[in-house]
Amino acid sequence: MIYLTRRERFSAAHRMFNPDLGDDENLELYGQCSNPGWHGHNYILYVTVKGDIDPELGYLINLKRLKDIIIEYVITPLDHRNINTQVPFTSGLLASTENIAVAIWNQLYEPVKKEGAELHSVKIAETENNFVEYLGD
Amino acid sequence: MIYLTRRERFSAAHRMFNPDLGDDENLELYGQCSNPGWHGHNYILYVTVKGDIDPELGYLINLKRLKDIIIEYVITPLDHRNINTQVPFTSGLLASTENIAVAIWNQLYEPVKKEGAELHSVKIAETENNFVEYLGD
Amino acid sequence: MIYLTRRERFSAAHRMFNPDLGDDENLELYGQCSNPGWHGHNYILYVTVKGDIDPELGYLINLKRLKDIIIEYVITPLDHRNINTQVPFTSGLLASTENIAVAIWNQLYEPVKKEGAELHSVKIAETENNFVEYLGD
Amino acid sequence: MIYLTRRERFSAAHRMFNPDLGDDENLELYGQCSNPGWHGHNYILYVTVKGDIDPELGYLINLKRLKDIIIEYVITPLDHRNINTQVPFTSGLLASTENIAVAIWNQLYEPVKKEGAELHSVKIAETENNFVEYLGD
Amino acid sequence: MIYLTRRERFSAAHRMFNPDLGDDENLELYGQCSNPGWHGHNYILYVTVKGDIDPELGYLINLKRLKDIIIEYVITPLDHRNINTQVPFTSGLLASTENIAVAIWNQLYEPVKKEGAELHSVKIAETENNFVEYLGD
Amino acid sequence: MIYLTRRERFSAAHRMFNPDLGDDENLELYGQCSNPGWHGHNYILYVTVKGDIDPELGYLINLKRLKDIIIEYVITPLDHRNINTQVPFTSGLLASTENIAVAIWNQLYEPVKKEGAELHSVKIAETENNFVEYLGD
C-alpha cells in the first residue's frame, strides 16, 4: 500500500452564509466571514490516493492522469469562481472549508476509482493557519 | 541605514474590472479574472521601512508600532472585504495587484514618517507565483 | 468525521536539562542543546481536532473559539518565556519537544472537549527539520 | 506512543525507465519523464519513527543519532548521484518516487530498530506538488 | 515604476563540468557536483520586470503573456532536460547557476521588451539554501 | 555583476535589554521581549555576496567556501548560544535583530573580501513575519 498526494490550488470567493437566515443573523454568527460583499482565498488542495504499486509501471497511478482528474472535476469549476453561487457541486452549500472538503471528496471518489486507485484524503488549507481534512465516512 | 520588513496578510474578494467598460469587454480583456461573481485571494503583504538604528533603543522603529500602523491603515480596511467596492482607498480603482500596491503605499507613507522612519517598499504576493513591488515614484 | 487543524506559533527559550544530573553530565548527554546560557526556537504548533460537521453551522467547531483556546491555554503561557522555568505546565519537565507536545495535549484536551470536539493530534515543529507528534495514549 | 519526524534533502538525477522496454516505448509511456539525457530533482525526505518517550532522557530517540542514520543509509548514497545507475539500493529499479520510497524504507527499517524505535513512515516530496508516502506493508 | 515578479519552476539534470578539463580535474575542482552520472535540481525561477502601470488596463504587463514568454523561452527548453547537453541556450556552458541565470536573462530580455516592459532581474534558487540573481551588466 | 545568496540558520536565546537600564525599565520599553528568563528564535540568515563570474570556474565564489566562512564566523559562535552573554561579537550589545545584522556584517566583510567577492547584504528573519536587512553604510 502506497500513498500518493497531489497538490493543486484555486482562488475563489465565498462567504459563510446560512440561506435559512438573514444577513444580520449570519453576520452575528460568522462575523466578517459572512461579509455580504464576499471575500476570498487562495485555497490549497491536497488529494491523497492509495493502492498498490503497479510492478510494471512503477507507480500507483499515472500522476498526469491524477492531475487531469483534479483539474477537470475540481479546479476548473472552482478556480476564479464564487463558491456559494457559481459552482455546481457547492452552490447552495454553507460554504465552510469543512463542507467544501466533503464536496470535493464526492467529486473525486468515483473518477479516482476508475483509474484503479482509492481516494484516501482530501485536505484543504484555507489560509496558512487553517486546514481541514476529510477521509470519508 | 537599516531595512526592516513586516509581513502581514489579508483575504479579500476582487475582480479585474474597468468601470468604463461593460462586463463583456472586461471578460474579453481579463478573462476569468473579471468573473462578475468575484473571486479572491490570500494576499501577503511585505512592508519595508528604512532609517538609522536608534542607538539607545537598538531598533529602527518599534516593531509593535509598525505592525499596529499596518493593521490600522491597511489590514483592517481590506481583510474580508471586497477590494472593488468596500474599501475606502481602493473602491473604484481597477483592482489589479499593481494598483493595490500603490494604494497601500499611499496609506502608509505618512504614518510611517510620523514614527521617524521612511517607507521603502510595498510588496504584495497575490499567489505563490505572482508578486508586485512598489518603491514610490 | 472531519479533521480541523489550527497552526499557531511561539518563541521560547529552553535547554535540555535533566534536573537529577549536573551541568557536566547534561552537557555530555545533550551537547550544546544543554547550554546553561539557554537557547531558543520559533516553535510551530499544529493542533488537530476531530468530530462531525454541525449541519446548521457548517463547521466542526468555531475556528475563532479554537484559536482562543490555544492562545489562552498554550501560547500566552509559553510565548517569550523560558520553558524550563517560567511555564506552569512545563516547568521542571525535561524540556524536550516530545515532553512539550504531551504537556500541550494535556492543556488542550478538556477545553476542546467542552466545545464539543475531540483533540486528535498535537504536532510541534522545533526547527524546519524536526517535528514531534502526539496522538494521546 | 510519540512520533518523531526528521526532514533531510538530496539532489539527484533520474529518469522513468523500464529496462525491459526500449527508449521509444519508455518515452511513450512516461513522456519527458523518461528523457534519455536524464533530469533531476531536489527530493525532500521525511522519516517518521515512533515509540515511547524514554522517561530519563526525555526523548524517543537521540535526534542526532537518527539524523546520522538517515545520512549514512540514505542521503550519502543518493545525494548528487544518478538514482537509476549509481545507487546500490535503487540501481536497476524503475526509479519512480513510489519505488524510491520503498527502497528507503528498507534501508532504514533495521538501523532504526537497533536504536530502540520503530520506523513509521517514509515520505518523499519530488516537487512541491507531488508526494509519496510509504508506511510499510 | 512598478516591479512585477513571476515564479516558475523546472526540474533538470546538470553537472559542473569545464569541457577544457578531464573528468578527474573536474571532480577535483567541483567535487560530487561534477559527478559524471549527473545529478539534478528543482530549480525555482523568479523573473522580475519593471515599467509603468498602464492606466487603462491597470497592470504593467499582461501576467498571462509574461508567463507564456517564460514558458516558451525558458521552461519548455529546460524542464526535464539535461542543462549541459540538451538545451540550445545552455549546452556547452559551464552549467553553474550563475551562468544559467545569465543565459536565461539573454533569452528573456528581447521578448519582454517587445511587450513594453523591461527585464529587471533573473533570480534562481538551486536549492532552498542557494540563490543567484542577475540584474544585467 | 552577479549576486549569490547563501541561507543558513541558527537557534539562540536573547532578550531586548539595555544594560544602562534596570529590568523594570527594560520591561516597560520592550515588554515581554525583555523577559529576564530569556526567550529565543530560529533565526534565518541570508548572506548575499556580489562580483564577477570567474570565466574558467563558472562561479562567483566557491559556494562550499562561502558556506564554511558563514559557519565559522557566524553560525558556530551563535547557534545554541545566548546572544546577549555568550557570543564574542554580540555580547553586551542591545540584542535587537538590527544590531545582530550589523554585527554579522562586520564578522563577514573581511573574510568574504579575501575570497575575491564583496559582501552585499546581510538579511535576518527573526520570525516568519519580521525581517531586517543591512547593506553596509
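We call the chains A, B, C, D, E and F, going by the order they appear; numbering starts again at 1 in every chain.
What we mean here is this: contacts are C-beta pairs under 8 Å (C-beta built on N, C-alpha and C of every residue); 3 or more make two chains touch, one makes a residue touch a chain.
Nothing here was measured: the structure is a model prediction, and the numbers come from that model.
Asks: Can you name the chains that touch subunit A as well as subunit F?
Replies: Looking at subunit F and subunit A together, the chains touching each of them are B, C.
Asks: Going only through chains that touch each other, what is the minimum step count from subunit A to subunit C?
Replies: Graph distance in the chain contact network comes out at 1.
Asks: Touching both subunit C and subunit F: give me those chains, sorted by label.
Replies: Intersection of subunit C and subunit F contact lists gives nothing.
Asks: State the chain with the largest centre-to-centre distance from subunit F, centres being mean CA positions.
Replies: A
Asks: Greatest Cα-centroid separation from subunit B: which chain?
Replies: So the farthest one, by centre of C-alpha atoms, is D.
Asks: Could you put a whole-Å number on the gap between the CA centroids of subunit C and subunit D?
Replies: Distance between chain centres, rounded to whole Å: 29 Å.
Asks: What is the distance, in whole Å, between the centres of subunit A and subunit E, each centre taken as the mean of its C-alpha atoms?
Replies: So the centre of subunit A lies 34 Å away from the centre of subunit E.
Asks: Pull out every residue in subunit E that's touching 2 or more other chains.
Replies: 128
Asks: Which of the chains touch, listed as pairs?
Replies: Here the touching chain pairs work out to A-B, A-C, A-D, B-E, B-F, C-D, C-F, D-E, E-F.
Asks: Can you check the complex and tell me which residues of subunit D touch subunit E?
Replies: For subunit D paired with subunit E, touching residues are 9, 11-14, 32-33, 35, 37-42, 79-82, 85-86, 127-128.
Asks: Per the contact definition, I'd like the list of subunit E residues that touch subunit F in the complex.
Replies: Touch residues, subunit E against subunit F: 16, 18, 29, 31, 93-99, 101-102, 128-135, 137.
Asks: Along subunit C, where are the residues that touch subunit A in the complex?
Replies: The contact residues of subunit C facing subunit A are 1-8, 53, 56-60, 63-64.
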